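Take a look at the structures listed below.
Here chain A shows up in two complexes: once beside chain B, once beside chain C.
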Partner chain A sequence: MPHAPSPDDYSDDLSAELLRSDVKKTQGLSFRQKEKLQYALLLIPGCLLYGIFNLLPLIGTLVLSFFDWPGIGPATFVGFDNFTKLLTDAYMSDQLWNAFQQTFVFFVICISIFLGLGTTFALLLSWNTAGKSAYKLLFFMPYPLAAVAVAFLGQLIVDVRGPINQLMMHWDLISAPLMFLGEADTALPTIALFQSWQKLGFSIMLILSAILGVRADLLEAAVLDGASRWQCIRHVVFPVLAPAFVLITILTLVDVFNNAEYVLILMGPDAGPYYSTDILGTFQYRTAFGTSGGSGTADLGMAAAIGMVISVLILPATIYLALRNMRNR
Partner chain B sequence: MERIFKLRPMEQVLVQFLLLAWALVVAIPFGLAFINSMKGSLGQVIRAPFSLPDSWQLENYAAAWEMANFSGYFMNSLIISVGTVAVAVLFSTMAAFVLARVEFRGNRTLFILFMIGVIVPLRLAMAPLFVVVQNLDLLNSLLGIILVQAASMMPVAVFILSTFFKHLSPEIEQAARVDGALPFQIYWKIVLPLVKPAIATVALLSFVSAWNEYLFPLLFLQDRSLYPLTLGLQEFQNEFAIQWHMMFAGLIIMMAPTLIAFLLASKAFIQGLTQGGIKE
Partner chain C sequence: MKRKSGMTAVSALLGLLVATPISAFAEETLTLWTWRKQERPLWEAVSKAMDDVNIKVEVFKGVDYNSRLRLGLQSDNGPDLFQGRPGASFIDQYASAGVITPLPATVDLSGISPATLVAATGSDGKVYGVPFAVQTVQIIYNKSIFEKLNLSEPQTPEQFLAVMKTLKENRVIPLEVPGRAGWALAMMSAGLEAGLSGESMKQIASRQSPFTAEAYQQVADTFASWKPYINPSAAAQDYNGMRANVALGDSAMIIDGLWSTSPLSTIAQTDPSVELGLMPIPGHGGKVYAFADGAYLVNANSAKREAADKLLAFTATKAFAQLFADHVGELSTYAEGIRYQGKYQAEAASFVSQHAQPYLTWKGPFNVQYEEIVGPAYQKFLAGKVDAKGLTQEIENGFQAKNL
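Showing the complex of A and B:
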């Protein structure tokens, strides 16, 4: 009967062993050595891939934010200069503040829709509604689509000569077509609505599964005590939805603060008209790679500093998420 | 109990009215894209966007597919997505297997390093990422995009998979070890088949995100011949923005594969994407 090694037997220095082990010698290795080698070979490719293309750039952001570097030639160490400039230089801090405010507006529009409409539709779908599964399917349908497709589709539909304007003109709601994406006042909300339209299905599903997860016995007890449907919703269902609301809020926050796809696609890095759609993601992109006209200098150090600022802004939210995930693990 | 979920006829009507309203808001854009993509000229689209085409024609699709090189964009998207799924699934299952099933020094540290990727989105590191890709001579290559995409999926994939691996009972694996099976065999023959549902989730997440990705190809690809559909659609938009009937056809080509896949496997999509979204 062969000795069955306990997990402790091969617990120590797998990593050290790996470095020493030589593939050519595999022939003469004992079972334990072969085992360690194979574990290492399983582990290393993923670590390298992630390390080089994900972790290294993340660390690089921290390092690069202390350098002045246009992307070619030597980089100069400048200490906290990028951060000082970003926060105090009139031109830079104006852009940062403008982008931050607009990101926040974008976030508020999305989150109001996700929580407001999301809860409404999830509640409606939680009853014995006819056609429930067809509605669920349809509401989720835009979610897996590419942002590019949704953005261009939206652009055509809200165009000056597009269906929405034609319809509103036809019903005499407006006297002249609206330039949804062309006016500084309406461009950002319009883009936020596109994104909300695409992603509402996700919130509906999350809230719906929270509602369906309300313990049946709680509801039953409430009903036996003579609670009306609204009282059940108000006092039994809503309190249980709080975690789902927090989760949706945080996911939306992280998404809006780091992902500027919609604005980049529709408005380019200049985030027109007149920077009215500029959000943190486009500000960072423009700083790193220049404007769409090719003018403006690339400033990778400054872009990294902006990346650091955004990271700090969303860090509490993402750490909360990570801890939550670890706990549920 | 029943009373809460059951709707009286009047209530049912009201609920249906509200749901139908949103259903129309979701469905009409797709419908508009579809009927207008079959129209022969811009005039018809502008004059009556809500009416059906005089004669249904597929010419716009043929033109987009061949003249505007959607066939090429489509192939590139396919190569990128399939490559990303292959690399991400293989590497993340291998790594998650060792991280979840083997105790060794540094295990916890490695896991935490992977979690950093969940906490800080890779997009925020776009400048250094560009430098890394440039230095490895992977700019302007599909391989570069595949590696970056797969790497960006690793944290979530490792997280989802290691949760699954942890819940597997260790007994079969131990029995195999006693019989002299080495980790490669245990991984491939015993453990992988047991976590198929998690692999499917990871594969779906990777495919959808690679297929839809806009920023990474925009950063790293210069040759039009390498563009995936997302960038191709933008090129197309630059050229045909005025010709709406063409534009709608291009949009339908871009959306069709995702929509078809979604309708065929809606349950997997809804579950997988919701789960993946939560973990991100």
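Showing the complex of A and C:
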């Protein structure tokens, strides 16, 4: 019975190859193509979400930064005026650089606590510490709390009539109550500590999962070779923690530079005392919606310009860290 | 028989269904947006007094009010009427957006005190709304503390210092200042201007003289001399904390507006039985800072424009002014003939008629800039970063930077 020719019928390669390609065309998509189509279909929902909720607003902000709009009424096109004013006008640029410096200080405090204390607690949790499941629960409990609740609680604790001051006065450590949130020097670090306390749990969990991912045979080999506990940690565990550290740094960087929930809750958009708690988030909010007196004017175009400046400030650091992390893999 | 009773029931039901919507149409519901919760009893009374209109009041927090208003006025869910902040800096924004229009001829402003119209006037000189509430800035003090220490209201700056000294010796904070609230510091500055400088501030208010001139420098110098008697944690104190402290008796005096004497304010809520006293800030100026707190405005894009305009015309009448005085407990902007029965109203009314200052800085034409500059400057002063001379220089620099 005659049958359709197949590539195996032919002994010379060229004819076999030609027939194979004909066969492919008649059989629809190849496995490779189907695989690629599957990838694309699975990625589309994520890309759509990201596009609608991240890219579109970003483009919208960029467009808005070229306009002057008080929130109501007509928007006038001003080109790069907002950026020029922001960077050169003394009133605006002073506030911008002050906010930037303070945001950086805020970031350094947060990241030191996350990486320093986070690693310490994660290490302790990775060993056979007594009651470690209870500790895990305790460390992570503040994370889901609302920022308003934590800020309010923190404010009560450091208040002039609060427990810290009263206890210190009772033990004669100080003669007059310390104004943690009232002094220009201590207000920002205090607020940074509130935020760090709340978000520490997340860093501990990330670092802990990285530590637990260290290959047990590597540790055993190190111990057999006579390494002390500290040497094991330093030479076997820490190198593996680098991706976790990078992730925490990127997340904290973006969080501190973009959000200002604690300062807004505790100090309002005015970021007192005398702008000493002003960070980029509060500066942008104040420009967008006015000061707490209620009479302030809104300048949404300028606020959008500030938003673009913030993005430009954090973008290089984020890209560098992400690339470095990818390269290390 | 059953059929007949059945038919009766159905026709009765139909009648009810038809009648209900008709009766509802007879009354129009208008929404009014404000940041002042003390307006609620007033508008309930107005709804009762007027048969054909029912006013629904929506109160927003003062901090959010401006943002909410902007959003609401651009959507279909906006108010029919709203209260606006005083001064051209507020009015101009909304006028240029087409949300408010100059008053129609049906609104008769002849009974309103002319000095208050500036709160509803744009920089084009046209009046866009009806001003409400005359507020005064004065010293509010805890009467029971004064009585306990046998103190009387000081009439001169020297007597004032003596009173503060006595209070301090008796471990009461003489004067509580809210360092965290920039706008409240601007209010305090306005009160001090009127009491300590009075008419000589006119030149500075019209920007013919700088803030470093003698008229304001003496205000800064005097305030600096009071520093030993101000609450030590002034930089950390917020506005409501200040009011709570005077209600609790931890501090004796605050410089605050008349609105804080209302039964709905923090002071009364902290201690409903507290006895308050009002007095002008003693000084060589001898004036009390008075201003109109804002204006009732109609949303030009409202679907019920006609009814809203009618209601606006009513707010300019004597009947409304009397209702305002009775239910809100503040001073109305109506010029004459209003009876004030509240404890503090009559006293404040006498301040206004006899001692009101003849210019406006805070809550005036450049209200926005005044708060933005004076508030932080005083915060810098309270933090010890500048002295009295530096304070006035900061303020002047700020105004210069804003081309004022």
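To be clear about the criterion, the second predicted complex is superposed on the first by the 258 of 329 C-alpha atoms of A that agree within 3 Å, B and C clash if a C-alpha of one lies under 4 Å from a C-alpha of the other, contacts with A are read in each partner's own complex, and residues count from 1 in each chain.
Note that in this section a contact is a pair of C-beta atoms (placed from the backbone, for glycine too) under 8 Å apart; a residue touches a chain by one contact, two chains touch by 3 or more.
Keep in mind that what you see is a predicted model, and the values were worked out from it rather than measured.
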item	value
Partner, of chain C and chain B, that touches more residues belonging to chain A	B
Which of chain B and chain C A:Leu87 touches, first, second, both or neither	neither
First, second, both or neither for A:Val246, with chain B first and chain C second	neither
First (chain B), second (chain C), both or neither touched by A:Phe289	both
Contacts of A:Asn128 with chain B and chain C, given as first, second, both or neither	first
Intersection of chain A interface sets (partners chain B, chain C)	71, 289
Residue ranges of chain A in contact with chain C within the complex	70-74, 90-91, 160, 176-177, 179, 181-184, 267-268, 270, 272-275, 289-298
Footprint of chain B on chain A - complex, ascending	2, 4-5, 7-8, 10-16, 31, 34-35, 38-39, 41-43, 45-47, 49-61, 63-64, 71, 117, 120-121, 124-131, 135-149, 152-154, 156-157, 161-163, 166-167, 197, 202, 205-206, 209, 216, 219-220, 223, 229, 232, 247, 251, 254, 258-259, 261, 264-265, 281, 284-285, 288-289, 300, 303-304, 307, 310-311, 315, 318-319, 321-322, 325-326, 329
For the chain B and chain A complex, residues of the former touching the latter	1, 3-7, 12, 15-16, 18-19, 22-23, 25-27, 29-30, 32-33, 46, 49-50, 87, 90-92, 94-99, 102-106, 110, 113-133, 136, 147-148, 150-152, 154-155, 158-159, 162-163, 166, 174, 177-178, 180, 182-184, 187, 208, 211-212, 214-215, 218-219, 229-230, 233-234, 237, 244, 247-248, 251, 254-255, 258-259, 261-263, 266, 269-270, 273-274, 277-280
Residues of chain C that touch chain A when the two form their complex	35, 62-63, 65-67, 70, 73-74, 85, 87, 89-90, 93-94, 96-99, 179-183, 186, 232-233, 235-237, 367-368, 371-372, 375-376, 379-380, 382-383, 385, 401-402
